[in-house]
Structures are given as structure tokens and as C-alpha cells.
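Both complexes shown next keep chain A, but they swap its partner, so chain B is in the first and chain C is in the second.
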Partner chain A sequence: MGVRRRSGSFVLRVNPILCDGFGHCAELAPELVQTDEWGYPILRSEPVPLTDAGVFESARYAERGCPRQALHIHRISEKKPQ
Partner chain B sequence: MIPPNSLPRLMHAASDRPLTLAQHEAAFASSTSRTSLLDELEASGLTGRGGAGFPTAQKARLIREQRGHNKFMVVNAMEGEPASHKDQTLLSANPHLVLDGAEYLASMIGANNIAVCVARDNPSVVNHVGRAIHERTRRSLRGPKLELHTPPWRYVAGEESALVHWLDDNESLPQYRPNRPHILKIGHGPALVDNAETCANVGLIGRYGAQWYRSLGTAATPGSTLVSVTGAVDHPTVVEVELGTPLRTILATAGADPDPQAVLLGGYGGSWLDGSHLDVAYDNESLKPLGVSTGAGVIVVLPKSACGIVETQRIVHWMANESARQCGPCAFGLPALAEDLSHIAHQSRDPRGAHVRLVERCAVIEGRGACRHPDGVIRFVRSALDVFANDFSNHVRGSFCNGTRATRHFATVPSLEREEELVWE
Partner chain C sequence: MIALTTPYLWYTTRATGMVALILFTLVASLGTLVANRIGGTIVGRFEINELHRSLSMVAVTFLVIHILTTVLDSYVATGWISAFVPMTSAYKRLAVGIGAVAFDLILAVWISSLLKLRIANTTWRFIHWFSWMGFATALVHGYMTGTDSRSGFGLVVVASCAAVVACAALWRFFGRPTRAAGRTALSPLATTKAATRATPVPPRATPPAPRPFPTSPARTTKQRGPR
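Coming up: the complex of A and B.
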């Protein structure tokens, strides 16, 4: 695995075309995912810092647990000081 | 050559037959070779005419910087908006001007294929374009390869990723693009997609230069544009106007109702504009403070006798049916919006609840599709909630306006097809 960078933040993103609304993500990462009335995920859009290990772990569970492989974690690196 | 300050430009020398190549070259004068077309295009300040209004030069530059031997220039004449007829009019008047522009753009980005996409439901335009391409290939086989493509006519089939998907894989379905700007590809070749009217404008800029082009229009939005005016008008027309013309003047040329309740600008994913704002200049810069845009150049005039909610409901119902049904929020959300609107528009048990649900669902669905189709519908519904706020509160209280039971409707909506009959490939 190597050393994982713990600076920066991430957002969970969904490919809406692949998503079929199984709802596993809302079970696995309730702090990031809510479902709408049709069972499709509404994801938290503001970035979560990577230092928030618990949230990141559940995001990874959600990503791995999605039956359609529709979720992915998008990392946002911190801006370098100029 | 067309004198700098005059209209028509795009419809120059138009008659009821499309111009042949010889007639076209006689009318527009043969093209002079310019050293740097892309800089000229950048100086002209041309923005896309397909709806988004993105600067054409910036888009072309992005594709030019891409690697690839097999780039594509795609001319989008799909015209998904039922109320828009501009591409059809342009291609039946002068297909060669559009092809000129496509060739200029192809040379800018280094493309060796040009794909002209016309919906197959419009056979006369397909014929005109086919004949024009044949004329060109008979004259010379040099330059990029010209091809005519005829995807099925669907609202979202004209969306750029859906169009590229069709050219790539024969399916008119939008693609998921998480990171913008996204380079659309056909096979491995990057593709530049531009509207037919944009290409025609590029054809003019390539001939006469940026300075000539800027002699019409405002500083921020130069040039002229084609506008389709329908609804409560004497004669539905496509007119070419200078950008920055007052909206009232445009409506007068089509013989529209001088005192309308509202006008729909941009298309069915556009917004309603209250009838009191008719003196605004018709260009994106002046329309932006009012929360509307020129979009695809559609104007639908709604008279005082009509019910705005019923018209909105009919359009949303059709737009919901035109969803590609790929993304859940769009496939389930848009029919739900149409349902709520019909509960408000017509007699129902709980119009108040429907109104609350409508507002909530707009917030839930927004921004959750792969393409901008649901966002367009939501912008449209929100503008209706805003412009027809009085009517909405009346309907919710149970007092319906006179237009509710009228049999005449003003926004043209194609007949609905059943879901299994929709053709996507």
C-alpha cells in the first residue's frame, strides 16, 4: 500500500448512470449518503478532510460495497502555497 | 461580400431553394486565406449558439491542444428543441455556409473528419445537406472527409456527449463526465462539437474577419443570431436579429401579441420571462440580471388568455418522457414534477401539498443527472414558480384562471411516445 497521504480532503461521487439505487451506500456510509424518495443517493457535496479517518473508512466501505461499482472517492489535494 | 453593418448575414441571398455551391461562392465571394484563423475567431468573440453560450474559440483551442491523429469536427444540427427551427432554416437556406465554417474549424483543430449530424426525422434537411456534401466532394477530395449522420430525433440526442456517443457507438445516450472540461472522444480521436449556427458564424468570420464580424451586436456579445418565434404570433418565423436588439422589436417582426403575459426564452430547458420586461435587449449580458439567457434562440409568446401553469405542465410532462432514463433522479424525478404540476394545474385533492412537494423535489433533483437535462427542467419549473407566482397561489386556493380549460395551447409539444417506442439508436 505504501504511505497514504493524510493531507487534503475527499468527496464521494456517484456515477448516476451506473447507479440503480440499491441503497447499500446509505447503509455503509450514513454520514455521507442520504437517499431520496426513490432510493437514489444524495451525497454530501462539501469535502471531508482525510484526517477524519472514520468517515473516510466508511466512504471506502461504500465504494467497495456498491453492487454497481458506481461510487468513487475523489481526492482533492490541498493547494500548494505559492 | 456582405457590407459590415447590414443584416441578413447568415440568411444572405436566401431563397426557397438551398444555394448551390456556385451560387454560394458568388453570393459570399471566394474565401481569402487568413494566417491565424483561431486568433481571428478569438478576436471576434463568438459564443456558441446551441444554448450554453460558451466561447467558441476557447473550446476550439482546448481540442487543438489535444493529442491525436484522428480528430473529429462534429456539426450539431440535431435541433432537439421542438420550438426551435433555426438550424433547419439555416441548412435549407445555405448548407454551404455551415460546411465552410466546419471546414475552418476542422483546419483550426487539425481534424480530418467532419461529421454533420441532422435528425433523421427531418428528411428534407437531410437531403439538402446530403446534396451539399456531394457537391463539395465532387469538386475536390482534398481536405477533411465530410460525412452526414442521421441520429434519431430525441431531446437529449442533441446534447454533445449523447451525440458523440451516437457517433462512437450508435446510442444517443448522454455520458457521465465527472471532471470538466471533459474531452469527448470518438474512438481515440478528440471531438469538437459545435452548433450549426455557430459553424455558419465561423464561416463568416473566416471569410471577412473579426473586425467585420464585430460591426454588429454589442461589445460583449457581437454578431447576429437566429431566433425562432412561436406561440401567440401571427406567423411563426425564424428571424435573424442583431444581438442587443430590444425583445419587443423582435416580437413585433413576428407579429406577436404586443402585451403578452410572459415569454419563454432559451427553449424548453430555459426560463419564463414576465411580460413586463419586454424592453430588455436580447443578448446574454443584458438578460443575465433577469435570470434568463438567449439559449438556443427560442422565444415562445404566451398571451394573457392562457394559463402559464398548464403550459408549463405540458412541457414538463413531455420533457420527462424525453429523459434517457439512465439516471434515477431524472427518470423518476421529472415524471414526479410533471405529476405535481398537473395536480396544481387541474382540480385535485391536495394542490397545496403538491405545491410544497414540487418545490422540495426541485431542490432534491438538481445537479444529480449525468447531463444537464434535469437541471434545465428544474430551471424552467423554478422560473414558472417565480413568474406565475400569483396563478400558483390562486390555483392552490382552488380558483382556477380562465386559461385552464382553454383547448388552445401555445407551446408546441410533440405527441408523446410510449416509453418502449422511443428510439435511441
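Coming up: the complex of A and C.
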């Protein structure tokens, strides 16, 4: 399982209806999230490989730390993209 | 029925009750700080949120010790049922009953927060509103049952906790930031806030450095999945 998890990549996605612009994600995962002028997140859109453990950990913290649970990690497997 | 006659159980009940009240005051205040979006410069917003979560665990631990020692102690006739069901205690029926209501409300908030990633966020928020009621009933319970809380230092502590959370509730109600509260003059939601604000919002001290990833809104919109 651990091996399989490290193959492939992930992107962080936001549900724009739930998001209220608290800005926790930009603090927790600055590698993946910027905020716009209004404080809403702009997410890095290209997939990050799961081997990048530090970024993945940041993404998990951001997913867990969102006060509105608007973020989730979308995994992209290597064999079947999307 | 376990009957323990040591007086230290009773002392522990009194002490942990007082400490739990103080801790829940801190938890409620920190939760208000998170909801009103304090932080981001000196202290991170996520740090206040993490402190709120961690302290709530400590507070619940003290609450559980408070209830366990009350039930185990034979000095007051309060059974296991009375910890959950109101008006079943032989000792101070009404006051302990209010405490049971407070425990049930806090339990609901606690369990829903433990399940936060598994339940809908709107459900969690709805249950989380009951934490105010839980604190209020806990305060009344503390004042009515507390051996120490009607005079001297104990009364000062209870009154301070009540005052702090009352201020937090008023601030939460009246000072609640709208979405995108005054970040920029372009925001349509910023107008009502900006009218009441005496000084304009200063721009952020350090604008974020441009990053290599594309920041076009059209692309991020296309990338969004359904929930």
C-alpha cells in the first residue's frame, strides 16, 4: 500500500462554494496555495508527484486544517490519468 | 455500586470542575478568534485553530475526570445515568441536571468534531453552534453546584469566565467578518465594511512573490471538481 501510494501524483482542489477565504490553506501549504486579493485560494494546477513527501504532507495539513473543509486532495494514478 | 470514601475524589471533582470551566472559556474564546479571522501576521490563523483543537481535547479530559470522580465518589449520590440524563440525580437534582445537559451538548460538539472529516461541514457547523449553549449551561451548573463558586476567589473565576465568553459571543455576533471583508475596494462586499471602518485597510506588508505555477482564474475554475 505504501508503495502504491507513492506512485502517481496529486492535485489539491477547492470547492468554491464551501470556501469562505479563511486563508488557513495558504499558511499550511504555501507550496500549493496562493491567495488572491480577496483572500481566496489560487491552487497550483499541475499535478505534484506523491514522491514529493513534504508537499504531500503540507497538502494533507491544508485539507485537515480548512475550517470549511473546502479542500481535498485528488489523486491521479499513473496508469490512468484522470 | 462502587463506593469510594476518600475525600480526595470530592476535592478532585471540585478542582477539575473549576479547571474545566477555565479551559472551556479559553476554547470558546479561541474558537471565536478563528471564526473572526484573527491572526495571519504575528500568529498564524492555523495556529490559533490548532490551539483551539488541542485545548478542547485537554478541556474534555478534565471534564471526563470531573464526571468520573463525581460518579465514583460516595459523598454525593450521583450515578452513571445522572451524568447523561438530566433530573436523575438525588443530589442537587436541578443543578446536576443542568450539568448533564451541558455534558450532552459538549459531547455532541466533541464527537461531531472528531468526525469532522467524515460528515458534511454544514452539519458540523450546526452542531458547533450548540457549544455556546453548552458553555452557558456549564456555567450555570458550575455556579449552582459549585462548593467554591459562590464566594471569594471561585466566584471571581466564574464571573470572569462568564464575562469573557459573553464578550466573545457579542464579538462573534456583531464583529463577524463578511466574506472578503475589506480586502480591496473592488470587492462589492467590502463597501458596507469600509463605510464603518475609520481607516482604510493597509495593504499587506509583503506581497507574495510570484510563483511559477499558472494563476489564471479560468484554469483553476476548469480544474475544480464536484465537491
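Here is the rule we use: the second predicted complex is superposed on the first by the 75 of 82 C-alpha atoms of A that agree within 3 Å, B and C clash if a C-alpha of one lies under 4 Å from a C-alpha of the other, contacts with A are read in each partner's own complex, and residues count from 1 in each chain.
One rule holds for everything that comes next: a residue touches a chain if its C-beta (ideal position, glycine included) is under 8 Å from a C-beta of that chain, and two chains touch if they have at least 3 such contacts.
All of these numbers come straight from a predicted model, not from anything done at the bench.
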Partner chain(s) touched by A:Val11 [first = chain B, second = chain C, both, neither]: second
Touched partner set for A:Asp20, first chain B, second chain C, both or neither: both
Which superposed partner A:Gly39 touches (first chain B, second chain C, both, neither): both
Per-residue contact with chain A, leading partner among chain C and chain B: C
First (chain B), second (chain C), both or neither touched by A:Gln69: second
Contacts of A:Leu28 with chain B and chain C, given as first, second, both or neither: second
Residues of chain A that lie at the interface with chain B and also at the interface with chain C: 13, 15-16, 18, 20-21, 37-40, 42, 74
Chain B contact footprint on chain A (complex, rising order): 13, 15-21, 36-40, 42, 74
Touching residues on chain A, where the partner in the complex is chain C: 11, 13-16, 18, 20-24, 27-28, 34-35, 37-40, 42-46, 61, 64-65, 67-70, 74
List of chain C residues in touch with chain A within their complex: 34-35, 37, 40, 44-46, 49-50, 116-117, 121, 124, 179-180, 183-184, 186-187, 208, 211, 213-215, 217, 219-221, 223-225, 227
Residue ranges of chain B in contact with chain A within the complex: 174-176, 178, 326-330, 332-333, 364, 368-370
